[in-house]
Structures are given as structure tokens and as C-alpha cells.
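Both complexes shown next keep chain A, but they swap its partner, so chain B is in the first and chain C is in the second.
Coming up: the complex of A and B.
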């Protein structure tokens, strides 16, 4: 029956009509809920985009400062300290904790950075010269990494939200453009089928009553014809015994219909 | 008298070094360098002084490769000097390289401790600190083997003897090992220039002053840098060279210092250091030392400045191999300066570009 959206493969019964109606209602509620969710997510998404922009610009500045402080170190120490630092670092001082944030049912990972005080593996690097620059450079880089962590959590949230928003929008569109029309179609179909059935039933009943009427009429006519024949035969014979017999007989038949009797007497 | 026979053996050497000194960058060169817009411009400006050493660099080289090429030039010039030197002068030049050797050995010890392939580290070693038995260090796989069979063969063995054993290498922080070695080296060098008969006269005077300054600088730096670390006061004291203007009273006070005021108090007896501390005291603020303000000089800067002044003054003396020391320090500072300037240019931080030390 009808259109690109088609309809559900159901038997057009009153039960499935009820099912379809509740389904339509559910779809409408779901649609409005999902729409709201998508709006909430989009709002959050925009906010995150804005914060990513800020964080990226901040990162640019911080990384520049950090790179420059490294230049200061290489000026003060007059050599490459990379290897020493790499080898003497044993434990992470700067750590990242992951948390979950729930935004309208979407779990967004959130990274939180913290420094573990007391871990200072290369505190003695540059003891002879440049130690202060190295420590300051470390602090600058710690700040830079902080910014990076912030950016990382924003970026992850960005990606996940993007995905989720797409899914939600797809669902909203699917409900709006496929499920609801299809359910409506199905309801229409069931309704029309049911109407059809009603009409058929009515027609059938009408037919039946017509036929009954016709049958009754035919039966009446037969009886009438039989009586006329009887009357004619009586009129031809005219014997009194028979007449008496006849007289008795009509009296029997009189029970069925008196008026015919008068006709017969005539 | 000391000049009478000096030129027989070392006259050529001294002449060469004075020639090298003339090729050092001057204030004019530096102001040209600070005007540069790109590293290529810097390269161009360095052309007259460094010539073909920079020629092989790709366009817009990185700062580190630029510095590497400049160091190559220093190294090749120094090697030429070593090749020309004889007798006590050769010995003196050898002493100059010991400082670099200490760095190299510290690097290799770090590698061995962490069970890295130390062969890769050979490339990272400073070429001036290269000695014949250095690659042998890579053979050792554990620290005991390294100590017992390999370090003994190095020129630095006397510095290990008596103050460090193989457990120390394992347990102590490599920085403490390095600084202990450096302390022994400075003391040995000091002893060498003061006792060798050839160096009586200008060399002894000049080098004594320079080495005393170096020793004091290390003491002060170690003290400042050890604040807030696990380095105990007794350990710290062991790292102070046992000579210098601060020794013994100043060193003792330094070893007891707990904060920057304590250090300032400890060095207040020496007029030079007192002025340094007074100069940086204003912008010291919350943090320790350092380049507090963008225009303010740090203690480190002031020490470098002083070192450069002393190195420059060495050239007023004649008949002494100390000019080689002066020239090397000046050259190293020049490399640092150029690195700084190109770093500033590369990172677009022009406001700090004047933060170098130019002596000529």
C-alpha cells in the first residue's frame, strides 16, 4: 500500500491497531526526548569547541615559553642535559587521573592532572651549574603539559560528543522521517482494512437479508400457487362429499389464514 | 726570566692562540647578529669567523646543529694546538680536557647503570673529552666491572681513587659522582699549576685566580642548587673544592647555609661575590636565584661575566699556556651566545635577545 516509507508487516486487526497506536505514541515521546538530548549535547559541543580554541591558543603561548626556557637551560648549562634527565627520571611526578563526566547519558572521559610532590628524580641535575634554570624549565614544562592534558580531555570529549551527536541526530531523523510515518501509514492501512471489512460485512448482511426476503417471497408465491390449483381442482370436481371434505379441510387450513378461505369460498 | 725560553717550545702555540682570539666575535658582530631575522642571516653573519665549518649546514639549520658545527671548529682548533704542544704545555692542555672527560664518563656511567647500549652514547660524548680508552668503557656491562677494570685505565683514575668506590657509583646520584670528580679534578689542576716549575710566574698567577674563581663558583652553585633536594649538608660539603677564596671559612659557612641568605652571608667576606649577590638580591624575590626579571641578570650570568672578564685578562699576560684556557672559555661562551641569539631568533623572542655576554 503506499509510499516510500512502507508499512509494518502486520495483520490488520484491532489488536495490532492498538499496538501501532501505542507504538506511535512511544515514537513521538522518544522523538521529543532525543531531540532535547541532541540539543543539550550540541550546546555542550559548542562550549567544548570554544574551550578547545582557547586551550589551543594557550598551548601555543605556553609551549613557546617552555621551549624558550629550555633554550635558557642550554645556555646556562652549555650542553645537552637530555640524556641525564631521561636516565635519572624513574617515577612520574606529573600524573593524570581519568574521571567520567555524565552529560545527558554520555560518559565523557575527563583527564585531571596532578603533580605528586616529593618525586624529584633529577633534582640534582645541573648541580654544578644551571640547576636553577633546569628546575624552572621543569616547572614551565609541567605547566605546558598541564595545558596539554586539558586540551587532551577536551579533544577526547569533542570526538566522543561528535560521534554521539551524530548518532542521536540519526535517531531523531530516523524517528521523525521513517518510524513515525511508517507507523502512521500502518495505522492508516489497518484503519482502511478494517473499514473495508466493515463494509464487506455490511454488504454481506445486506445480501443475506435480500436473499431471505427473496426466499420468503418465493415461498409465498408457491403456497399461493398451490392453493389456487387446489381451488381450481375443487371447483372442477364439485362433489359434496368432497365438498364436505373440502369444507373440513379449509377449516383446517383456516387456522393458517382465514382470508384465503374466503377467497377459496368465492 | 720565565719568558726567556718559553718561546722555544710554546711560542708558536701562543701565537696561534692569539690569532684565534682575534677571530672571536666582537660587540659589533653581536649587534649585527641580533639584527638578524632568520637563522640563515645568522649563518651569513658568522661566515667570516666560521667559514667552511658552516658551509655544510642545510638552509635554516636548527640551533643545535649550528652550535654543533661551531663546537666542531673549536675542537679542530684545539686539536691543532694539542698537536703542536710539547712538554709541560701539552700536560696543561691535557688538563683542560679532563673537565670534558668527566662529563663523558658520567654519561657512560649513567648508560651502564641503566644497562643501555653505551655504544650509542659515544656519539653524544663531547669530542674534547675524548680519550683513547673511552670506547673501552662500553665493554663493561656492569658497574663493578666498569670500576675495577676499565675506569682504572682512564686518565681520570686518580680522581676516582680514594673518594669513590664501585658501590658509590651504584648508589650515589650520578650528579654527585660527577661533582666529586670535578672537585678532585679542580684540586689536581690547581695543584699542578702551582707546583710545576715551568708554570711559576704568569701562568701560576693567572690560573690560580681563575681556578679559585671556578672552585668558588662551583661551591656556591652546588649550595644554591641543593636547596630543596635530598643532598645532605655533609654530602654537600664533600663536593666543595678545598681551595679557593672561600676556603676554608666560606666553605664551612656555605655547608651550613640553609637558604639564599645563608649563602649570601657565607660569601660576604669576598668583595666580588658580595657584589654579585647584592646585584641579584633585588630581583631574587620568591624563587631561588635565576633570571628573575627579563632585564635582571642572574647569578649565573654574573659568574659567566666574571669568568669572561678573567679569561680576557689572561691575554694581557705573555709566555703562558693559560691563554689557551682563556681562549677556550671565551670560545665556549661565544658558542653559547650564538646559540642563545639564534634560539631567540628562531623562537621569535627578540626582547630577550640581548641577554648574552659579549666581552670584546
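Coming up: the complex of A and C.
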């Protein structure tokens, strides 16, 4: 357990090393993709923020003009039309519909205003006088509302993007600071364990071959000693050939006996 | 993700909470809508100095959370100021809550809940 991120609970085998390596690769690809997504969204986000700022300024102006045209109306009509308007409103003529735009996998709604034809709740408003002003006022307000709808869709996009960017950034950070280091740690761990095993194995083999060498040397020394003895005996007795054979044969079989017989397969 | 297609498909209307002039003007533009007679509901509320805050709040909650056919809620800034807490805590993308200036109260970007977030994000 090195560092704060720890490692994953796996057995240090070659298979899980392969798994971890492909996982690391995947995490790196995912990280770069998400990073790019986050950048694209942020770019969009900044643009929207700028446009919101502009639209808010514009809204201030437009609403001022609209309010002024309403003042004109009340001057021309010579009274308050508020009550009449409120009572005669029945069906919305001005409506919005939502379309959506896809920004790297995020659906951003966009309101689009449209007027429903055939609905006119205010046919009688301003019939006595001031009809023209009222007409103009309606147009001005319709334009103002269009601006407002535009602003509303920007604002909605702003809220959604804000949330999505937070989520994406959280993912990017999680991959960058938790998943990748942890996988790297795991790989390091597995590698060190495998190395350890390798060293152990090497040491064991060395030990075994040492032992074998020692055994062989001992056997050689024995044979040599036996031969010498033989030679001495021969020198004394003077019957070399048969005795030598007798003495040597078991030794030869002994040397062969060290190698295993090949299995006989039926 | 909050924005599933179904959540804004049938949102077609705009709602308004504001003083008499703003409401009159917006109604003239044709956003006024009254639902069919049993429990007729208007999508606008006229606020004057005599209107209680609870009534404004009720209308705001009604427009933002109960009614599913409203896409944008327009609210006068000085009215929003009176129920600032509700406006600030409402953070869903739908419906969009938009603070608009009124005739007597010029627009102050500092008070707008969305612009406040914009400012905060960019550290201005």
C-alpha cells in the first residue's frame, strides 16, 4: 500500500498484469476523451455566459421601450386597460416549443417562439379609441417576449451545462487522481511480486544445479579413487584385464543410473 | 440528467408574475392563458403593494413545480426580491425562471440569481 490511493485487490499473476495494463490504457483513453468533452462544453459554456450577459442588457432596453409604448396606450385610451386585458385573456397566442441541440452528448433545449394563429383575445380592446397604439404596443411586446424567450433558452442551457460540466470534471479528476494512479500502483505491485518470484526461482535453480555439480564431483572422485585402487591392485597382482572390467562395470552402470530412463509408452 | 425529452415536450406556455403594467403588456403580446373551466387556472399573477408574499410564493410554486405546461416563468425583479429565497433555491432547468425589469424598478444585474452565478463562476 504505497501512497494514499492504494491498489486493487488482485493476485499478482501475469494474467491480472495483462488485465491491469489494458485497464490503464482504457483509463488513459477515457481520460483524454472526457477532457476533450469537458473542454468543448466549457467553450460552449463561456460563449453562452457571454451571450446571457449581452441578452440581459438587451432585455433591459427592450423592456424599457415596451413599457413606454404601454404608457402611450394608456395615454391614448385615456384610462387603465389592465383589467380589461386580464379578463379577456383566454388562450395563449404566443407559445414556445422546445427543440434540442446536441453538444458532445448533452442535450440542450432551445425554446422557439411561435404564434398560434386564429386566437385573438383582444379583438375588442381599444375598439373605442387608441386601437392603433394598442396594436403597436402588442407588436413591441411580442418582440420583447421573443427576446425574453431567447434569454430563457440561454439560461436553461446555462443551468444544464453548468451541471454537466461539474459531472464531467468530477469524472476527469477521478480518473486522473484515483483510477490511473491506483492502476499504476497495482501494475507496479504485480511486477515487483513477479520479479520476486523470478528471483526465488532463479535462486532455487542455482541451488539445485550447485548440488548436482557437487554430487557429480563426489561421484567422479569416487570413481577416480576406485580406479587408482584398481591400478595399484593390478600392479601388485599382474592380472589386469578381467579384474579391471569387473571393477569398472558397476561404476559404468552407476553413471548411467543417474540419468532417468525414458518412459516406455505402449 | 435533468433534461429528459418528456420533461419539456409539452411545455408551451409562458407564465408571468409582476406588476400591473408588465402583466398587461405581456398579455397584450398574447401569452395569457386560462385553462378550461373546472378549476380554471391563470398563468399570470398581478402583484401590487397589497399582495401578500405568501400569495406570490404560492403562485411561484404553482408555476414552477405543479403545472407541467409552463416553459418560462417571467417574474419582475422587485417581486422576485420579495420571495428571493424561493427564487434562489429553485435551480431546475425547467421551467426557466427569468427576472425581468419593470417600469418603476430599473434592472439591477447584481440581484439576478442567474447572473449572480455567472459572476461567481468567472470570479468578477
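The criterion applied here is as follows: the second predicted complex is superposed on the first by the 202 of 266 C-alpha atoms of A that agree within 3 Å, B and C clash if a C-alpha of one lies under 4 Å from a C-alpha of the other, contacts with A are read in each partner's own complex, and residues count from 1 in each chain.
FYI, a contact is a pair of C-beta atoms (placed from the backbone, for glycine too) under 8 Å apart; a residue touches a chain by one contact, two chains touch by 3 or more.
Not measured: the values here are computed from a predicted model.
Considered on the superposed chain A, chain B and chain C are sterically compatible, since they fit side by side.
Contact with chain B, but none with chain C, is seen for A:136 once the two complexes are overlaid on the shared chain. Contact with neither chain B nor chain C is seen for A:29 once the two complexes are overlaid on the shared chain.
Of the two partner chains, chain C is the only one that A:92 touches; chain B does not reach it.
Which of chain B and chain C touches more residues of chain A: that partner is C. Look at A:197: by the touch rule set out above, it reaches neither chain B nor chain C. Shared-chain residue A:67: touches chain B and chain C both. Of the two partner chains placed by the overlay, only chain B lies in contact with A:76; chain C stays clear of it. Of all C-alpha pairs linking chain B and chain C after the chain A fit, the shortest spans 6 Å. Chain A residues in contact with chain B (one complex) as well as with chain C (other complex) are 64, 67, 71, 80, 125. Those residues of chain B that touch chain A in the complex are listed here as 63-64, 103, 106-107, 110-111, 113-114, 116, 121, 124, 126, 173-176, 178-179, 182, 217-218, 221-222, 224-226, 228-231, 239, 287-291, 298, 300, 332, 336, 339-340, 343-344, 347-349, 352.
Residues 1-3, 5, 8-9, 11-14, 20-34, 42-44, 46, 71-72, 74, 91-94, 96-98, 100-103, 106-107, 109, 112, 114-115, 117-118, 121-122 of chain C are the ones touching chain A in the complex.
Remark: chain A residues 64, 67-68, 71-72, 74-76, 78-80, 83-84, 87-88, 120, 123-133, 135-136 touch chain B in the complex.
Against chain C, in their complex, chain A makes its touches with residues 49, 52-53, 56, 59-60, 63-64, 66-67, 70-71, 80-82, 85-86, 89-98, 100, 106-109, 111, 115, 119, 121-122, 125, 134, 137-138, 141-142, 144-145, 148-149, 151-153, 155-156, 158-160, 162-164.
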